[in-house]
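Below you'll find a set of structures to go through.
One chain, chain A, appears in both complexes that follow, with chain B as partner in the first and chain C in the second.
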Partner chain A sequence: MRNLLHDMNPSLKFVLVALSMFAIAFFFNPLTPFIFWIGILLLQVFMSKVNWKAWSLFMLPFALGAFGYLWTTIVFAADTNGDVVWSFLEFQVTAEQLETALSLAFRVMAFSTLSLMFAFTTDPVKFIMSLMQQLKLSPKLAYGVLVGYQFLPVMKDQFQQIQQAHRLRGAELEKNALRRLLGMRRILIPMLAGAVRNAERSAFAMEARGFTGEARSDYFEVIKLRKVDAAMTAVFLLLLIASCSAEYWF
Partner chain B sequence: MHETIFSFRNVRFRFPDDEQLTLTDLSFDIHRGERVVISGPSGCGKSTLVYLLNRLYPFNCDGIISGSLQLFGKDAEEYAPGEINHRIATVFQDPDSQFCMPTVEEELAFTLENLHVPREMMKQKITEVLALTGLSALRHEVIQSLSGGMKQRVAAACALVMEPEVLLLDEPISHLDPVTAKEFILWLDRLQHELDLTIFAVEHRLDLWDSFFSREIQLDRSGSIIGDKLATAHFPVLLPERASTMVPETVLKVNGMAVKSHGKELLSGLSFTANRGEIMVVAGPNGSGKSSLLKALCGIYALDAGSIQAPGIGFVPQSPEYLFLEKTVGRELAFSGIASSAQLNDLMERLRLKEIENAHPFSVSHGQKRRVATGAMLADRRTVLLMDEPTSGQDAAALHELHRLISERADEGVTFLIVTHDMEFAESLADSVLLIKDGKMTGKYPAQDVWNHAELLAEHHLLPPKGAGRLAESFA
Partner chain C sequence: MLKSWKLKEVVLMSLFAVVFGIVYLVFVHVSNIWAAVIGPLAYEWMFGIWFIVSIICMNIIRKPGAAVLSESMAAAIEVLLGNAVGPRLLLSGIVQGLGAEAAFALTGYKHFNLAVLMLAGAGSAVFSFVYGYFISGYAALDPSFVALMFTLRVISGMAIAGIGGKFISDGLLATGSLRGYAISRSTKGDARA
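Our next item is the complex of A and B:
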């Protein structure tokens, strides 16, 4: 049960996530994104092994953003006609305003939770392999991304080394954010130079092992669509339909 | 005579942007079962030659080729892309950029998928090649977590899983330390015997290969053949002996140094001193803390305990360009504004940087970059210089240049701490040797006491230098 979201076919999960986002975007009532958001949270609680501490950290900026939407929509609304449901200081909040605000805020929460659910339960390598097998992504692109993924830790290491070397030269870290950004080019140029070299080497190594970018006839690790995927699709669609039709129930 | 597999007739090659030929009038034949090495200085077109054989060139660089190049009796151009690659497999020099999948098994599978091997046969082929290469235990390991030597073996296994007839080696040991390189060569030797492979390698340092190769083709800087002969065992690069110019005046004093990172102890209890003009070689197995020591000494890592006393410590990383901040060599040296222009002038004169004063520091040669980095450190009055693996992957000319750079500076009173695995290089320069193992100091020894102490060297994953004395006799 706790593995269900992790075991899902990554391409299918991706399609479902994209489909849900697209569908929810057409509903402007606050209830639809709210129910969808709670639903995704429950799915995650019962069907995944998510590190909730890391999850909360990632969620924090989105939650702040959602609150920002809520606040600004209430305070700076253009249209202030209608029944006042709540008033404090000199602010008068109308029902319509509150509805728009909640709708926007819940939408941010729903979309970010959905995205994080995908990110936290999907292995990037499996995702690419699945995109190639189920959605016919071109191997040239797919393996390009995979090589890039292998290089990430190397690049991080290089970044640190160059930063340390610069500090040794007495190049102080700029306090001013804009200047710091401009100063980054001193680190990025040698990194890019190295990256270009590495990219060429990798490309050569792949080509020398017979990689031509054409479609493969057989995969070693076959990523299938299984019964779990059918069941999970049903769960997702049910949740989606329930939230989209929420308006008519209440 | 065995079947001819490669046949070169007046092959010339140049890159579209170059006027000069990279390879000039190459004519030779390679026969099945041969072990051929192409030797020559860096930049003589050795790697280009490898890329011509596995058909990466001329397509990938729009290179211009003339003459006749036949692979297995058929013109090279007649092969479709990827067609030749399972018969001629390649192991490249950089262990870090040859892989695209996370684990060993997946990487091998990638190769088999490229060749359209049916899925039912993949498992078996992978099992076989891992057994053959003795890597079965690594099957599910993450490649990036392996050592350089193991990565090169995995790269070779990926080549061998294609069941090739020829194995091309593009300086496969240049990023490995000598002991690991030796092990790799012995391992390769066994495989060649078992599989009856043809081996075609390019290499600039042949001393570690002993009698592995049967034939050596020498290229000069212009990419023409200057010799084609039976291969003989090579001696290491002969570097001039140096009389110590160490002055009995302590400049660096390290006392009870300890360094921790993320709760892990990297170094503990290091105490030693260094004199003015002393050249100290720091050596030990990979991961023993050599680089951590350098980083702690120059202040990149904070000390957990102990103290360092020194006037000013500079650091020249393995990639000297990491230090560069300015657009010209001249401004690079003047960056901190500590040295006066007269001092800078003098420094540039001594480091032979005058001729490249207005060049961009990224555009000069590797040896020049190192001189610029050294100059930048000296201009900041850092008179204790740390060098991280400056010998790795360097050819004879580069080693001579490095030797001269260090030797001249030491004569001027600069103190050096040099991390290297190259004991021949160490022997020609070092006054003392600091041996490190598992983050602890085995001891600091006068250089002379270490070279004949084979046991002590072996404990620290080092090979004794091939005696310079014996070499001098054989050349006399």
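Our next item is the complex of A and C:
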């Protein structure tokens, strides 16, 4: 039970996440995103093994963003008719305004939770492999992305080397934040030039080992659609339908 | 479409996507915190940052698809890094890339001067705004506020992505590492301005 979300086919999970987002985006009542948000949270509690400490840390900026959304939507609402429920200095907040504001804030929370669910339960390499096998992504692109992924630690080393080289030559780290931002060019250009060389080298190496980039039918790591996936699709769609029709029940 | 692409061009896009994927992530976190204070307006003036990879890659590779593929790849790399925004980024990356791609397609993939790059930045801004209008529900906001957001985003797309992209790709061209890519083969007066 606790493995269900982790075991799901990554492409299918991606499609379901995208589908739910597009569906929820049509609703401007607070109930729909709220129910969906709670539903996704429950799914995560019962069907995944998530490190909740890390989860809260990632969720914090989104919660802050949702708060920002809440107050801008109240202040800059399109629809300012209706009964005033709350007034503060010169602002008068109507029931309608509060409702849309809550809806958009819950939407931010729901989408963030949904995204976190995907991020916390999906193995990145399997995701790309599954995109190639289930959604017919071109192997040239899929393996291209994986090369980039494998180069991450190399890039980190390069970044440190360039910084050290600058320091050796007496270039001090700028204290002014704006100057430091503009000085990013000094790091960015050598990083990109290094990236160009690495790209050429690894592409050459891949071709030398017989990689053609053509579509294939056999894979070393096979990722399948299984019965669990059908069940999980049903669960997601039920939750989606329940939250989209929430307005009519209450 | 991919038949005419060399593998080294695909891998180049991917490695650029890694470099800019990290830059993008830093800015996502900065603006998220910023957004709590001033709301969605926080993202608008720096939105151009997120379009820059498509413009740089297209300027270097100059093949149909370079803009949309590189932007989607940058988004994919962000997802691979275990980023919290995850699948949502992939969708918005594709949309933004399509915006830049549309601008280049409009000019027939023939001109890559500053004006066209700025147009591509504006294209990304327009596409991503239409997508954001739908997915983030801007319809609920005051139209004049939405207009302000839109203007800021287009200006940011043109300035940061267009001019910034030109600036970075020219700097890179000067290092000489781009021999073997279309940008070095272009005739004088077209892109080497």
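What we mean here is this: the second predicted complex is superposed on the first by the 229 of 250 C-alpha atoms of A that agree within 3 Å, B and C clash if a C-alpha of one lies under 4 Å from a C-alpha of the other, contacts with A are read in each partner's own complex, and residues count from 1 in each chain.
In the analysis below, a residue touches a chain if its C-beta (ideal position, glycine included) is under 8 Å from a C-beta of that chain, and two chains touch if they have at least 3 such contacts.
These figures come from a predicted structure and were not determined experimentally.
Q: Of the two partners chain B and chain C, indicate the one touching more residues belonging to chain A.
A: In the superposed model, C touches more residues of chain A.
Q: Quick check for you: in the superposed arrangement, does A:L188 touch first (chain B), second (chain C), both or neither?
A: Touch status of A:L188: second partner only.
Q: Please work out whether A:F127 is in contact with chain B alone, chain C alone, both, or neither, and reply first, second, both or neither.
A: After superposition on chain A, A:F127 lies in contact with chain C alone.
Q: When the two structures are overlaid on chain A, which partner does A:V147 contact: first (chain B), second (chain C), both, or neither?
A: both
Q: For A:V222, decide between first (touching chain B), second (touching chain C), both and neither.
A: A:V222 contacts chain B only, not chain C.
Q: Who does A:F204 touch here: chain B (first), chain C (second), both, or neither?
A: In the superposition, A:F204 contacts both chain B and chain C.
Q: Intersection of chain A residues contacting chain B with those contacting chain C?
A: 125, 147, 151, 189-190, 193, 198, 202-204, 206-207, 211
Q: Enumerate the contact residues on chain B facing chain A in the complex.
A: 51, 54, 56, 60, 81-82, 85-86, 89-90, 92, 94, 96-102, 106, 109-119, 122, 144, 155, 158-159, 162, 295, 298-300, 314-315, 317, 319, 321-325, 335-336, 362, 376, 380
Q: Inside the complex, what are the residues of chain A that reach chain B?
A: Contacts found on chain A: 125, 143, 146-147, 150-151, 153-154, 161-162, 164-171, 186, 189-190, 193-194, 198, 201-212, 216-222.
Q: Mind pulling up the chain A residues that touch chain C in the complex?
A: 14, 17-18, 21-22, 25, 28, 58-59, 61-62, 64-65, 67-69, 71-73, 76-79, 100-101, 103-104, 107-108, 111-112, 114-116, 118-119, 124-125, 127-128, 138, 140-141, 144-145, 147-149, 151-152, 155, 185, 188-193, 195-200, 202-204, 206-207, 211, 213
Q: Considering only the defined contacts, which chain C positions touch chain A in the complex?
A: Listed in rising order, the residues of chain C that touch chain A are 2, 5-8, 10-19, 22-23, 29, 32-33, 35-42, 69, 73, 76-77, 79-88, 90-91, 134-137, 139-143, 145, 167-168, 171-172, 175, 177-178, 180-181.
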